[in-house]
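For reference, the structure discussed in these notes is given below.
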């Protein structure tokens, strides 16, 4: 005989204000099978859980229903409580009377009535619940980090320092990412290279870290603790094991017209190149679209000069397959294309540049050796105008609806640095709002205004146009309610950032969810901010949302902590809510395997007793519980109904349907 | 047809006698001329005493192979064109052991429907003789000539199937190719209003006595245990005790065979209440053809069905009616 | 091919040369412009008020006529194009306006924005093709020409879908096709201010002079436009900085077509 | 009509949601008639949002707006300041005796080259 | 005007929504935490994925007195289980068409894709569905008289 206990939570006034919780508890008392019914202010609190535990013991409960908030919130909490009281955790069901009831209905009678129905439905289900035991699966003690920017580097270093093997897969020829392109970093103005490159070197030298540069993730199989990842190692046409990074090839290469991506295409580089001086690995790569040898078959100069014979024009992409227990996604960002913002004249005027281009123009290793010169004529700009929010906070469809978060601070940094280096240069900043939450951030911005005399103008620019060689920046000055035109020499656009487009493919391979802006979704915005809803996948850096370097590094270390927490375990508990066939009814028809996305179903020949001493060998489905994710696609495709899903069995759902339909 | 029957008998005897096969699945004479039934012949004597192949051998033999193909030794089977689709489908679902079966493809020439003959007012039929499109029906009351296209089985009237499987064939006559639209009747129903359709099916399905003849004959309905017999399914029921139950049974049955039904028409043939059950299955076939591309179950013994595959561009359910998107 | 054509009020009177040259050139390029029957003036400015229905009916009538006569409606005057295209969008997407307009018109079959509105320039680009025009040119225009788009062809870009609203290229491509050198200047998509000239004579002057001086500074020898109102304003108020012509006049010149 | 109704009416007539405005001023940054607008484009939006419609109904700017749609095109939030201006202008000209241009004013300013569309559009914009 | 609405309100449809755990159920949670209302007669059953929904469940709901059944899942391409909702889409497309062929009103059953971020959409979808079913009226064609009498 079933002995069900029902616990109705007030959630303070969140539920109790709209649902008559006492009445619900009272009505439910007379439900068949219910032997105990109570209500309490906060079921999830220590006392609330105690109440449940006590009732389980005192009333010898066989099943528990908690009428409370969404099971996505506290199902785990209540299951744990039940387990502590000696009840199988899967004998607990939640009736969501907050998100699905009290919060959306206003009429108390109506909401109370609905709460009763929802609780009855949960009772109907729990009566058919069966105790389930989580299985176990082994953990491969190695992590994969996708993306070798500061987020990936930090995560890899932290994981490796804890003693686990880490592979960094980086699609470019070197690790370092966007941070390597920056000049100084706010709010302390340290030189970016000075703080980043030592970490890059640490990665290269760490015995537990394997850097797979110029590589991309090609395929992912498996699940938490046991991912199998296929990695494409793109042909760089240079033998990584031989190249010493002497750069003689770069000097001798006759094709020097390739755009220098590292310098935001502001200058050129040879067809064979090392992206920048501190690149890791310090190994050359050939751009086949620029290489004369590869285009025409004639040349081969680099091969001739390479002292170690590292050049291999015939190199092909290769693939490696490795096993990992956890995966960190740190794919980073790029500035958006400005095609939709021609009012700022980016396409027509060389001296209208993006902030990232300005970083290169101010960087000592950049195309102008750190001297600020305008791209059009190499002159020192005397008036520089910054435009904020270019493509950010834009719901018109041209740009991105979100705030890119980093622009206010780096624009203040740029403005300050220009005023510092070139005191005779006027600097104007058009802004909508200046957003500087963060330690020492607002102080930093105010320094730009108060100490460096940067002219901040509240208003947006309507048009940038060229007139007699000057860039005319026409915009509003809302404080003075006027329209102004600033004759400028250089215009810098604080261009919105967006996730690196390759993240979509990575997300698909990992079955990690992604939002409408292509940012990866975290498991919980507040409480599980570095975990993807896909178990074993963690998120670091801008792939999850716009953030600056300090935040990125924090998040990367948080990811590492999560990964380490996973990798120290030898075995993982698996979700017991998996498919399982009733072999006596299984036809062995293969329909279920046809729809299984995880390859969890195989078929075995099994001997069945037919009675009278006879036996029969039949082909029947067999589900690997460690691989099955519990979606239930197979159950519907099974004509005989032999395939069922534990925790969501057909009978349970049918019973819920029956209960929920009763008005 | 007689010449074909003789040839088949001869060949069956040969195969049994030589020990090449352990048994032959074919049709045996019934009590009347119009009710031959599927049978397993194990000896030459059994063949000589009962084997028949005539215009009333409409039954699909493929389903019987589920059991016999598991037995010791090879089984020879005579399959008409339409039967081979069911055979293939069962091989695809690993229900028939192909290597244990020897398929002899036989010509069909369209089978007759005794119900249709009776409906023409001819009862106590004692024999038929088919000459082109004329069928001379002899009965206790004399002889009548009927027009063949009017008295063939529904499945034969719209059939254009060809043998998909054969280890050898016995085909003495060319079968004329027909120009028919098997979906014509489905389209007629689609053209009706919702209310009219509802009324149509209400009338038809209310006749159902839940005898399970359709389920038992259907080669796709070959589950070891049917959901309707499984108390854990939540829909187990032995009888139609409400109008809902009538619909439920036929909707779920049609859904379960969708993508697997070869349109062999056996369900309608055996229905004692003459419910046009094939129109349910054909609706699924027509919709899937229209939405996901032409697909004929049983054409191949490999691959997925339309409902176990997908494309990213599939139409949205809310937009789909009558096999087309809005 | 034949195409339904909506000339509009001004093309019948003050801007005859725009109409005449356009028709002759189209014919030379194999397109028959069939003037629609009983057209009425479109009103010359698109009424934005959400309750404006009566003011849009003449456009809807023209659109409905075209729906039954080839499905496309060709426009030439920028203002007509703007009014008709935006009205068509209303009929397509604004159920309320569509319902009320149809209520007035009592057509046999309600008009729901089925007609495709195309401007003469779009016709040159997409129907004839600039390459075909290039081949048909007999007198290449060897001059530096500034394209003046103004506001009506481009904005609002979501509806007009004519070209990139900030960096349009269609007229520049046209200029290249007839052998000229396009001069890109920043004020080519700025308003010339003509709409307010009856109320405020100063503003149109400033705006026109700004447009022409910007074109001149970038090296243009003349400016072309598709809009009779812009042409008038730039000529009357532009301080004679540069000559202003209809783009069809240059096309006629290049094709060697004479009125 | 109460003031609330008049505000509601203006909102409805403009067909634009003024609450979407994030007060960036891009509309006014681009307006080619800015100097001739006594109330600036961004103010039309914010004043309607705040219900300050009496000032709007008195403004000179409604006669000077060029309807060039630059503000509409540029707005990053999909607000249409020009539609607010037009809603105000429509409201004004629909009031008795408030036509923006009188027939007797026309002849002296019309020269022989003036295109019809200018006269037609002026009537449509300024009169009812 | 008033009378018409009150008259219509007399029929309150009974609506069952099957929501996948990862997107739509979370979307419903978000609708809740955003306080976006929809009628109380919409009741949600949680399933791991829309592909867990067997046509039998839908028929059962009608039998037990539901007037409308709506199935919500992740947007195609975003399924937590990679491909589950693609199967749902085909299964339901054919099932809905079939039910309509049997004379069951086509508006009665619906599939909507609602992501975890679309709380507003969830609420809008439910409001719209309730409206549709209210206009359509009671489910008579797939109801089971025994269940009704038993009430």
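As written, the chains take the letters A, B, C, D and E, and residue 1 is the first residue of each chain.
The definition used in the following text is that contacts are C-beta pairs under 8 Å (C-beta built on N, C-alpha and C of every residue); 3 or more make two chains touch, one makes a residue touch a chain.
Keep in mind that what you see is a predicted model, and the values were worked out from it rather than measured.
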(request) Would you pick out the chains that touch chain A and also touch chain B? (result) E
(request) Report back the single chain whose CA centre is most distant from the CA centre of chain E. (result) C
(message) As a test of understanding: of all chains, whose mean C-alpha position lies farthest from that of chain B?
(response) D
(request) Decide which interface, C-D or A-D, involves more C-beta pairs in contact, and give its chain pair. (result) C-D
(message) Could you work out how far the Cα centre of chain C sits from that of chain D, in whole Å?
(response) 24
(request) Measure off the straight-line distance from the CA centroid of chain A to the CA centroid of chain C, and report it in whole Å. (result) 48
(request) Give, as an integer number of Å, the spacing between the C-alpha centres of chain E and chain A. (result) 32
(message) Need the CA-centroid distance for the pair chain B / chain E, whole Å please.
(response) 37
(message) Residues touching two or more other chains, restricted to chain B: which are they?
(response) 227, 233-235, 307-309
(message) Going by the contact rule already set, what residues in chain A reach two or more other chains?
(response) 343, 397, 463, 595, 637, 650, 654
(request) Could you check chain D for residues that touch two or more other chains and list them? (result) 70
(request) Any two chains that touch count here, so list every such pair. (result) A-B, A-C, A-D, A-E, B-E, C-D
(message) Looking at the complex, which residues from chain C come into contact with chain A?
(response) 158, 164-167, 184, 186-187, 214, 217
(request) Could you pull out which chain A residues touch chain B in their complex? (result) 582, 584-591, 594-595, 603, 616, 619, 637, 639-642, 644, 649-651, 654-655
(message) Applying the document's contact rule, which stretches of chain E touch chain A when the two form their complex?
(response) 14, 16, 21-22, 25-26, 28-29, 31-33, 35-38, 40-41, 43-49, 51-57, 60-61, 64-66, 78, 80-84, 87, 91, 116-117, 123, 151
(message) Quick check on the complex: what are the chain C residues that touch chain D?
(response) 8-10, 13-15, 41, 43-52, 55, 77, 79, 151, 154-157, 165, 190-191, 193-203, 207, 228-229, 232, 235-236
(request) Write out the stretch or stretches of chain E touching chain B in their complex. (result) 55-56, 59-60, 62-63, 76-77, 83, 86-87, 89-106, 110-112, 141-146
